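The following pair of complexes shares a single chain, subunit A, combined with subunit B in the former and subunit C in the latter.
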Partner chain A sequence: MESFAASLLNSLDIALLLFVIAVGLNIVFGVLNVINFAHGALYMLGAYFTFTIVNIWGLPYWPSLIIAPLAVAAVAIVIERVMLRYVYDRHITDSLLLTFALLLIIDDLVLMIWGPGIQVVEPPALLKGTFTVFGGRYPVYGLFVIFMGLVMVWGLWALFTKTRAGRIMRAASIDRDMAQTVGINVPMVLTGVFAFGAWIAAIGGVVAAPMRAIGPAMGDKIIIESFIVVVIGGLGSFPGTFLGAIVLGLIHGFGGRYLPDISLVLPYLGMALVLLLRPQGLMGGRGSA
Partner chain B sequence: MKGSIPLVVMAAVLLALATLPYYVPYFYIFVATEVLIMGLLAGSYNLIFGYTGMLSFGHAAFFGFGAYITAMLLMHFEVPLLWAMIASMAGALVLAAIIGFFCVRLDEVYFAMLTLAFGMMVFAVALQWRSLTNGSDGISGFPLPEFGLGIDLTLADPMVYYYMVLVIVVLASAVLYLITRSPFGLMLKAISENPERVAFCGVNERRHRLIAFIIAGTFAGLSGALFAPFNRVANPDMVHWTQSAEPVLMTILGGAGYFMGPYFGAAVFVLLETWITSYTDQWMLFLGIVLALMVLFFRRGLLGTVLDRVMGR
Partner chain C sequence: MRTPSIRSRIVRSAFAIAAAAGLAAGTAQAQEGEPVRLGAIYIMSGTASVYGQFAEQGLELAIEEINDAGGILGRPVEYELQDSQLKADVAIQAARKLVYQDGVHALMGIDSSGVAAGLVPTIPELNRSLIITHAATPDVTGKLCNRNTFRISVNINQNMKGAAMVAAETDAKRWTTIGPDYAFGHQSWEFFGNYLKEIDSSVELMDQTAFPRFGNEDFTPFINSVMDSDPDGVLISLWGGDLVNFVRQANNLGFFDKGFEVMMTVGAATEVLSALGKDMPEGVWLSTRYWFGAHDNPMNERFVEAYASKYGNPPSYNAEGAYAAVYAYKAAMEKAGSTDADKVIDALSGLTVMTPMGEVTFREGDHQATVGPTWGRTAGMNEKYGIRNLDPARTFDGRDVTPSVAETGCKM
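And now, the complex of A and B:
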């Protein structure tokens, strides 16, 4: 029983971190119609910037939560302006290949700058240590991850439903030409949305930094996980991303415990089943960013 | 007149490959062997990507499966290599039939995602079924017995292995070429250009796509079977999605519009990798920049761009 509670908490922190990363991928897909293969690399950049801010510059952890995502968003603006915007009118394969090229470039730059080793960032003093839940040990930091995830869920939901910026994004995702006609500066919105997606991914990176090993391959792994989340929940669906993240979190949290022999296959099996039975995803609908 | 240019070029390339060991340093025998094997992988991939218009991200599943079958048969049963290769093709055919059966139901992004999911499922099995696949270490240390059919080849000699690979890749590619030139191949081209219209004409386009998927998977299995003895190991890396990305990159590099494009792309890819990694570690950075430039400015690929000029397209 005690490790059931720990597994559940563990599933939750995995799920909410996955949500934060995958939701940016899904927003970018919904509005730009681009599958961003480099999204995981942007998440990784967030984690490495945190490492530099905390371990190299010697600043406390908290400022990195502001600085690193802004820095990554700035990188994303350059990427969108210099490369990505030239392939919007082409087949979706082209943007996939272009962002894959970006993934290779960012991965190698990270390797050049920070080296091949695994880096560790200490959690802030406030969040160190573990506590006991039903006799099982659970890190305090995990609670912070869950808290941050819930803040993002609430914040993004409020953004999309309550604010003008959110409505503009939804308008651009449903019909770009019409949005342009009614006076929305669509090219600017597209740049903004890509930067926004990168900003969210980088927040995921900063939050993950003290919990996950920071290494040059961390982006390659998370991007596939994000694809799974987005596919299970539904491409372009915001509530779907949340549901997909919970499903994958539970698979990770409990799969290894109850089905250790096939734990690695389970996420892909879930993804394939959803694609075959309900290709639009569990919460799928079109154009519902 | 212009139509004979590709034939002349082909003959020249074949002659150059057949006489290669006489004028290049010994080391390049290894490089050329890898180019041929990867060329077959990319060439098989282009049947579904360039010809049928399906972007698959799971092609390494068949490549890796073929490699594992050959490695295991050599390890445990010491069968002649020829039979191991045939078994690899048969195994890859069955796997492609199963995966393809599901995948061709979907289009575009959904197709790409489903091939990725199946490919990674095969990867997960290769990694996790330790008793059979030896986990992340893979299968290595298998012997290289005779070729089979009473043909006496010293396969451990890289020169001999190169010529064997050359003959097999040329034969397999000739079959692939004939398929692309057949009515079936032309139908695939039509499907990639306008699937609705093809379906409207009464053609079962889903079945055509499935058959193309199976053929491509089978030849990918053959290239895996050639690669395992060359690489002396079959491991999960060969099934990972990053391996699936390689034939995609090679095809884009060479050009998906011509049959020889992916082969040319494989040659450029392997040669660049060999040269650049001998000078610097930044191979991926270089590859990423080249790929981005190709997608942005030379969407028809290196060979495609050149041939378009020559042929006046």
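And now, the complex of A and C:
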């Protein structure tokens, strides 16, 4: 029981961090029709900005939750205005190439600015330490990750279903031309959505910073996992992203614990199964981002 | 997914810098004749690029010193650096470019076992020597060995032989491992187990082991699984950012309070120690291929002082490996009286050279240098550098931990 409870909590914190990364990827795809390879790099920027704010400027951790994502969103606006908007009308492979180039550029910029060393950000005092759950130890910080993940799930769901901004985004994703015709400023929406996706990725980076070692190309790993989440859940589906993240989190949390020898292939096995049985993903096919 | 680093395209003319420094100091300068060109291949991009940076610093420092003191054969020394991107095919291309396009006289570098195993068989066709300064797979001085390839750094055999000797002196009888799920993690466990069994046949090597994916980031499930299996001792071969993540998460879960022996096979890497600071617990065994405080000789003293004052941190093993390789080339080329590859290879084989680790010899049979690891127990903090001290630290003599040539499987 003790190991089950700890594994479940651990699966949840892995899953919700993955959700936060993957959902931004999915929103950008849904509205812009761009598969953003550089999404992981934006997550990495969020973590590095946190490092600068906490370790170099000496500020507490909390303000970085506000400052870092806004800074990354600003970077994203520049990227969208200067580069991305010119490939919307082209074949999707062009945007793939462009965002892949962006990933390489951001990776090398990070190396030049922060150097290649491994960096560590301490969690705030409030979130340090562990507590006991059914006899097993579990880090307090993991609860914070779960909390932040759930806030994002709820916030995004409310945004898409209850607000005008969310309806505009959905309209732009379903039919861009029609949205333009009914008076929506589509170019502005596209810039906003790309910045919004980056902002979410950066929140993931800020939340990950105190529990994951920060290093160059740290976004490369998580982007691959996020693609798995999106494939399992269904490209363009918001509930699918959540479900995909939970599935992958459970695979990691329980697979590593009970089947450590084959834990390496489990995520891919899960993805292959879904592709075989439901190629559009568990919740895919309705384009409901 | 890795970027060709901008660095790789820049010819680093260390000669120019060194010559300027030499002029200012008014010392003997290397300026006669065609420069001696060294080609280096290290990981300069991606998650592990800190290793490439350390190597470049060691390389740069050695070349500066040598140029200040008159160069090699009276000729100035230059180097050209290429990014391996931690991929064998990229490293092979880089080696070809260095030899055919840049005309380097000799090759050095290589950070990963996988890259080394892919590259080494292609070196003879390039007709150059290669000194490996980091990659630890036994194969490149074992079943894949060839006349052109040498290694100046500690390999898995040597490190695990030392590990087994340390482990045998503890009370731990049941051992398990947590290591990265590729050759390095599996071979470390295999060699450790074999050597430990040789010393003490009563030890139990547990079936329940954990090999998380390289770059896994969340090791919590694996840590819990090992803690549940209740071992006496755990061998950990995670490295770099993985090891930093592991130690922080293991601290949270009380892994280090369970009373079992913990041995980290690359734990005393300076980049890991400085990232972790006090988070690295006291009382665990850490190994490194070179520990700056463990070698009592004038060359080491000079190296540590020059490195620390130039780069602000004590030299890591990768800096030492690159530094030592440049001095090995100097010794070999001066013994051969030439930079001709055939003559340099003949000179390197069996050569004894002074390095910060003391005198080491490239064995004629497999071209592995007789070097040994340092295993030490973590103690209080070294406040100057913000890293844990090793006390006691035990440095193994290369001759005690290097298997015989027959055992390596090398046939020249």
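Basically, the second predicted complex is superposed on the first by the 288 of 289 C-alpha atoms of A that agree within 3 Å, B and C clash if a C-alpha of one lies under 4 Å from a C-alpha of the other, contacts with A are read in each partner's own complex, and residues count from 1 in each chain.
In this section, a residue touches a chain if its C-beta (ideal position, glycine included) is under 8 Å from a C-beta of that chain, and two chains touch if they have at least 3 such contacts.
Just so it is clear, the model here is predicted, and its values are computed rather than measured.
**Student:** Subunit B versus subunit C on the shared subunit A, clash or fit?
**Tutor:** Overlaying the two structures gives a clash between subunit B and subunit C.
**Student:** Touch test for A:T132: subunit B only (first), subunit C only (second), both, or neither?
**Tutor:** A:T132 sits against neither subunit B nor subunit C.
**Student:** After superposition on the shared chain, which partner residues are touched by A:G253: those of subunit B (first), subunit C (second), both, or neither?
**Tutor:** second
**Student:** Going by the contact rule set out at the top, does A:V231 touch subunit B (first), subunit C (second), both, or neither?
**Tutor:** Only subunit B; A:V231 stays clear of subunit C.
**Student:** With both complexes overlaid on chain A, does A:L102 touch subunit B (first), subunit C (second), both or neither?
**Tutor:** After superposing on A, A:L102 lies in contact with subunit B but is clear of subunit C.
**Student:** Check whether A:D94 is in contact with subunit B, with subunit C, with both or with neither, and answer first, second, both or neither.
**Tutor:** first
**Student:** Could you tell me if A:I35 is touching subunit B, subunit C, both of them or neither one (first, second, both, neither)?
**Tutor:** In the superposition, A:I35 touches subunit B alone.
**Student:** Is A:I118 in contact with subunit B, with subunit C, with both, or with neither (first, second, both, neither)?
**Tutor:** Touch status of A:I118: second partner only.
**Student:** Touch test for A:S263: subunit B only (first), subunit C only (second), both, or neither?
**Tutor:** both
**Student:** Could you look at A:T163 and tell me whether it touches subunit B, subunit C, both or neither (first, second, both, neither)?
**Tutor:** neither
**Student:** Overlap the subunit B and subunit C contact sets on subunit A and report the shared residues.
**Tutor:** Residues 103-104, 107-108, 111-112, 220, 261, 263-264, which sit in both footprints.
**Student:** For the complex, which residues does subunit A have touching subunit B?
**Tutor:** 35, 83, 86-87, 92-94, 96-98, 100-105, 107-109, 111-112, 220, 224, 227-228, 231, 235, 261-265, 268-269, 271-272, 275-276, 279
**Student:** If we count contacts the way the header does, which residues on subunit C are in touch with subunit A in the complex?
**Tutor:** Touching subunit A from subunit C are residues 1-3, 5-6, 45-47, 49-50, 52-53, 181, 208-213, 215, 217-222, 224-225, 228, 240-242, 244-245, 248-249, 252-254, 271-272, 274-277, 279.
**Student:** Quick check: in the complex, which residue numbers of subunit B touch subunit A?
**Tutor:** 55, 102, 105-106, 108-110, 112-114, 116-118, 120-121, 124-125, 127-128, 241-242, 245, 248, 252, 281-285, 287-289, 291-292, 295-296, 299
**Student:** Please output the residues of subunit A touching subunit C within their complex, sorted ascending.
**Tutor:** Going by the criterion above, the answer is residues 3, 6-7, 10, 14, 103-104, 107-108, 111-112, 115-120, 129-130, 136-137, 139, 141, 211-213, 215-218, 220-222, 252-258, 260-261, 263-264.
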